[in-house]
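Both of the next two complexes hold subunit A, though its partner changes from subunit B to subunit C.
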Partner chain A sequence: MTTTAAHVSNARPLQESGEIRLVDVAKQFGNTYAVQNINLTIPHGSYCCLLGPSGCGKTTILRMIAGHETPSSGEIYIGKDMVVGKAPVERGTAMMFQSYALFPHLSILDNVAFYLKMRNVGKEERRQKALEMLQRVQLDHLKDRMPAQLSGGQQQRVALARSLITNPKVLLLDEPLSALDEFLRLRMRGELKSLQDELGITFVHVTHTQPEAIALADMVVVMDTGRIDQADTANVIFNKPKTPYVARFMGGQNVLTGTVESNSGGVFKLKSADGSTFEAKAGDETASAGSKLSVSVRRDHVALRRGDGTTEVNSIAGVVDATEYQGSYVKVTINTAGGVFVANVSDRAYFAEPVDTGDKVVASWSTEDVHILSKADTGVAGDPYLDGGH
Partner chain B sequence: MAASSPSYGPRPWTFYVLAALFALFVIFLYGPMIAVLILSFQGPSASLVFPLRDPSLMWFDELFNPRRTGDVVGAFNRSLPLAVGVMLLTVLISVTAGFAFRRRFKGATAIFYTAIASLIVPGLVLSIGILVTFRYLGWPASWYTSALGAHLSWALPFGLLIMFAILGRLSPSYEEAAYDLGASKWQTVKEVVVPIVFPGMIAVALFGFTLSYDEFPRSWLTVGSKNTLPLEIWTMTTNVTSPALYALGTVTTIVSFLVIALALSSIILIQRKRSRGK
Partner chain C sequence: MTSAPTAKRSMLPTYLQVAPLTIVLALFFIVPVALVVVVSFFRYQMLVGIVPDFTLKNYIDLLSNPTTWTLYRSTLKFTLIVLAITFVLGFWIAYFLVFHVRSLLIAIGLFLVCTVPFWTSNIIRMISWRPVLGTEGLINSALLKMGVIDQPLQWLLYSDFSVVVAYVHLFTLFMIVPIFNSMARIDKSLLEAAVDAGATRWGVIWNVVLPLSKTGIALGALFVVTLVMGDFFVVTVMSGGLSGSATSGIFNDLQFLNYPRAAASAVILLIVVLLIAASIFRLVDVRKELVR
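Up next is the complex of A and B:
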């Protein structure tokens, strides 16, 4: 007994690489730049997340790669081809829209077959191929339904099938999970990741949700207003943020700023404005005495004890502002002389010695857990992520 | 002892006032129409007022085989193609203009207000203006030239307003998705945009048809020597003093209702197909 599963051939010559290269790309709307000085290489076959708050230009970049927006200057390459000015199908890209944009007047099957219809493929043949694609996303039993009759998750799969039938080198996803509820979001997140593994094509995924980016991406690109702040693996972005902005935006970090007092044996000694002192191991960073330096300390690498003031190195004193139970840990927000400091204390440690709002505490950490940021923290004004409330 | 039923509070007095007001409104709206409908079945007494005596269809017969009335059939044969022509042109122009306005070109607002302004100009004045202009240019006025233009000045602004509202709600991502899937501009219009806005196009068609079919002031001086239906009815009210007038009212109302029913049912059919599947 043999059952031959119908498979849509995705075979593609190796030289047709899905590497995306943006060179000095800028996009101007009127007098303002949506994005500027964008230089980015997304390797073939990687899952890349463009991450940033709304209005940072991440969607503009996606739309320029897709061919729905023309850059004001700069070059975009997909594989070896310069694609600026080319139609999406010529680029080998396919885009999945935020609201999926399924055509409301066409059945699921005809939605998926749309690309083939545009290429004048006969009715029987295109419906057969569309059905195979629907089988792939396990929706072939719904082929005659209309989009309005499907749930959000099903609509998303149809949108995926409709995009994939173009056999793209690059799949572009514009906030694909934002229209789903929490439960479905986590499930579809897993499905997207395994789909990308299976297809081996480049995925570029725009999101404003940090956990989504960290969970999915081989490469996370963190964006600030129109610029790329850092592009690296999720692990590096989370543990070794380059700038105070990235540290705050990714969450999970405390940013401390101090004046360099000395640099001995590769260890910077810093003194903050409120008098607390801390140390940081210098990598290839250089900083002369008297200059400002910002460092980050992960919230979960902080120990907490009761205490009124501290003179120790690598510690900061303050008053508990709020505690928030998170299940496996407790988020303790502390008001210090230098600003808000957050410690994520494991539930075991916390309940051994609970602290409450108004208690005087000292937070401390070890020098190994201090990471030096590439620029001194200046942005207090206008930085909505200063509280790092994620 | 039975448990007392829960009380959700009496209806406020305003409910009864508003209900009475609404009932009056409905009577005012449909009462005259129903009166005309009933009296069109008047018997040979030829009385123009109630009561209805010896109901018959004789006045309908009089309408289609005129002995005393005017050229009703001829008027209908002009009004119908005129209304259909206005309908088709309104749809064509409104839809294409809607597409143009979607791209926010320079001067769009000025052109929009110019088009809408013709709604404010009194119909009779417009009618006189068109007649005078045609005379000056030495063109004869007729239902398929000057009256067609006059009717368009009335139906088009409505069509434009409806189409703008519909295209304004149409998400540009449908067009982008079509482009993304390799559709040409023309394919996008034909396969995506037009099917999606089709119910709206029917609404525009309906407006175009009924506004022209019922139009009196803009027809008055522009139809030339031969009357359209509303003008024929007007003439009859002054010459013909028989229930044939009512019969005509009934027939034209039925035609209007048929057109509306046709339009609405096709919209409902399309929407049902979209929400329930084929």
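Up next is the complex of A and C:
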């Protein structure tokens, strides 16, 4: 078993790329598609977050990459290999399950050594290697405990050690932080990120928490029901969302829709249904007069003042519905004629001129902070993120 | 100051709550078993019947009688064979129901199908083997017509074979149910985690499913062992009276109103079954597994 030993102890040769490519992947359960038309390339060595609400198909994609689900159509490549139909070990993937899936009848040392046992590595050797892996996650002093005797955070480290002992090209994490309390979550988040930096392998991480995705990912893939809405860096996703859905889902954005009145010098003039007007700098976008256009404005790029009605460009009037202190800023929710609008006012600006529920206010912003969305906001039906609560 | 009286007062409801079960157990379990033990030391006198006494004669009679040993040997043989067959069948049927049938509704439906044999009486279930296994039964006539054999197989009915067939038929469900129960509690992602770690299908079964079904297997084994050890009816009917079991001895003694020896027989059987049960529980810590 010398080949196995070498395989386990040494890092994978560099040419074994952990690039993941999904081509026209679809998965059907009965008559419904869980995911459809998935085309995605995750570069080698990147930290990719699949982000979306529950039921959007993100876990299905992860499980198809892992080999625990077979796509109904389409192809999945890891490195140069088409992996559909291959076993997880042949793919070079390792999965960390949401429930951690530690074997309850085995000590944590044997849990970690399980992969080596399956490769017929001798008992002494595999325990030695597993112990080294446990040292890496700082749990070697608990090696003889059973999984049920560990805390959630410790169980997760064991699960991590068990995944990493397979020396994978790709580590797949299914909502790895969802079972932890806030404090541990932040700590493990940092550890996952530094682990990925250290190992340099591809991480694919499924989550429904936006801050988690933004904090961790080199690449965020935002999913809606069964399809990918946008896949880009966290910065682009957050600042330049492509669709109203992404803008709303990522939070931190107000989505405004208006009819194009004119397009002069690369600036669209828009008029919303309730009469307020705003401008947006056109990039590549073209829109003829009379067509609908949606734009987004970041909540923290909005200025607030007391006032009753407004006729200025780039402003909207409304009544304060609620204020929520967030430490460094105050989230002010405003009911306008066109719907809910949220301004995140810095605490200094807020306490200089505090507003309270029922106050009439005007929110304004500058044209530079307006981002044009690729498709007009068709509304609202079935969009749970419309209330601006995120 | 207040704790002592409260502690005293709170004892009464506790005793009351425990009382019904204690009374039921005492009346229907402890008292009868104690009676059997007591009677087993009595003397049996022809024409008179039971004479209160303290004698070990019944036990000495039984243990020095080669028939007792033959009966126990045959019963243990049946127990082991039936245990092995019902375990293999029960494990695979439960495995299939839990891990291969995706729809819960179909799984429940198939589970009910397993209980179909229990919709008729024990006797009918046994008798119905006769037209299948008999000299002119289904199997023999089919084999004869196909030319596989030219003489009917005699060992199909009224033999150890037919006894085992009947036992398996009757008792496999008692193996399926507890194994099904413990398998159903296995987190499916454990199987995927094992596959992820490179386990083959057999590797998953051997390293994950089997160890996590231990409780069910132990309970099922306990059912089957007690049922086979305690049976004399199936073995008598299906062997055509050629084989007996440990319990047949008790039955014979009862027919001759030799209650002391029957009681001694019962005590010996009880001890044997308890020893087997103890060794099963030694292998599997059921209490620990149940709270897992």
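The rule we apply is simple: the second predicted complex is superposed on the first by the 380 of 390 C-alpha atoms of A that agree within 3 Å, B and C clash if a C-alpha of one lies under 4 Å from a C-alpha of the other, contacts with A are read in each partner's own complex, and residues count from 1 in each chain.
Here, a contact is a pair of C-beta atoms (placed from the backbone, for glycine too) under 8 Å apart; a residue touches a chain by one contact, two chains touch by 3 or more.
What you see is a predicted model; the values in this text were computed from it and never measured.
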{"item": "Partners on subunit A (subunit B, subunit C) - clash or fit", "value": "clash"}
{"item": "Touched partner set for A:D144, first subunit B, second subunit C, both or neither", "value": "first"}
{"item": "Touched partner set for A:V89, first subunit B, second subunit C, both or neither", "value": "both"}
{"item": "Partner chain in contact with A:S107 - subunit B first, subunit C second, else both or neither", "value": "first"}
{"item": "Shared contact residues on subunit A - subunit B and subunit C", "value": "66-68, 87-89, 93-95, 97-99, 101, 103-105, 114-115, 117-119, 148, 162-163, 166"}
{"item": "Subunit A partner contacts - residues on subunit C that touch it in the complex", "value": "187, 189-190, 192-200, 203, 207-208, 211-212, 292"}
{"item": "Footprint of subunit A on subunit B - complex, ascending", "value": "171, 173-174, 176-184, 187, 191-192, 195-196, 198, 270, 273-278"}
{"item": "Footprint of subunit C on subunit A - complex, ascending", "value": "66-68, 87-89, 93-95, 97-99, 101-105, 114-115, 117-119, 148, 162-163, 166"}
{"item": "Residue ranges of subunit A in contact with subunit B within the complex", "value": "66-68, 87-89, 93-95, 97-99, 101, 103-107, 114-115, 117-119, 144-146, 148-149, 162-163, 166"}
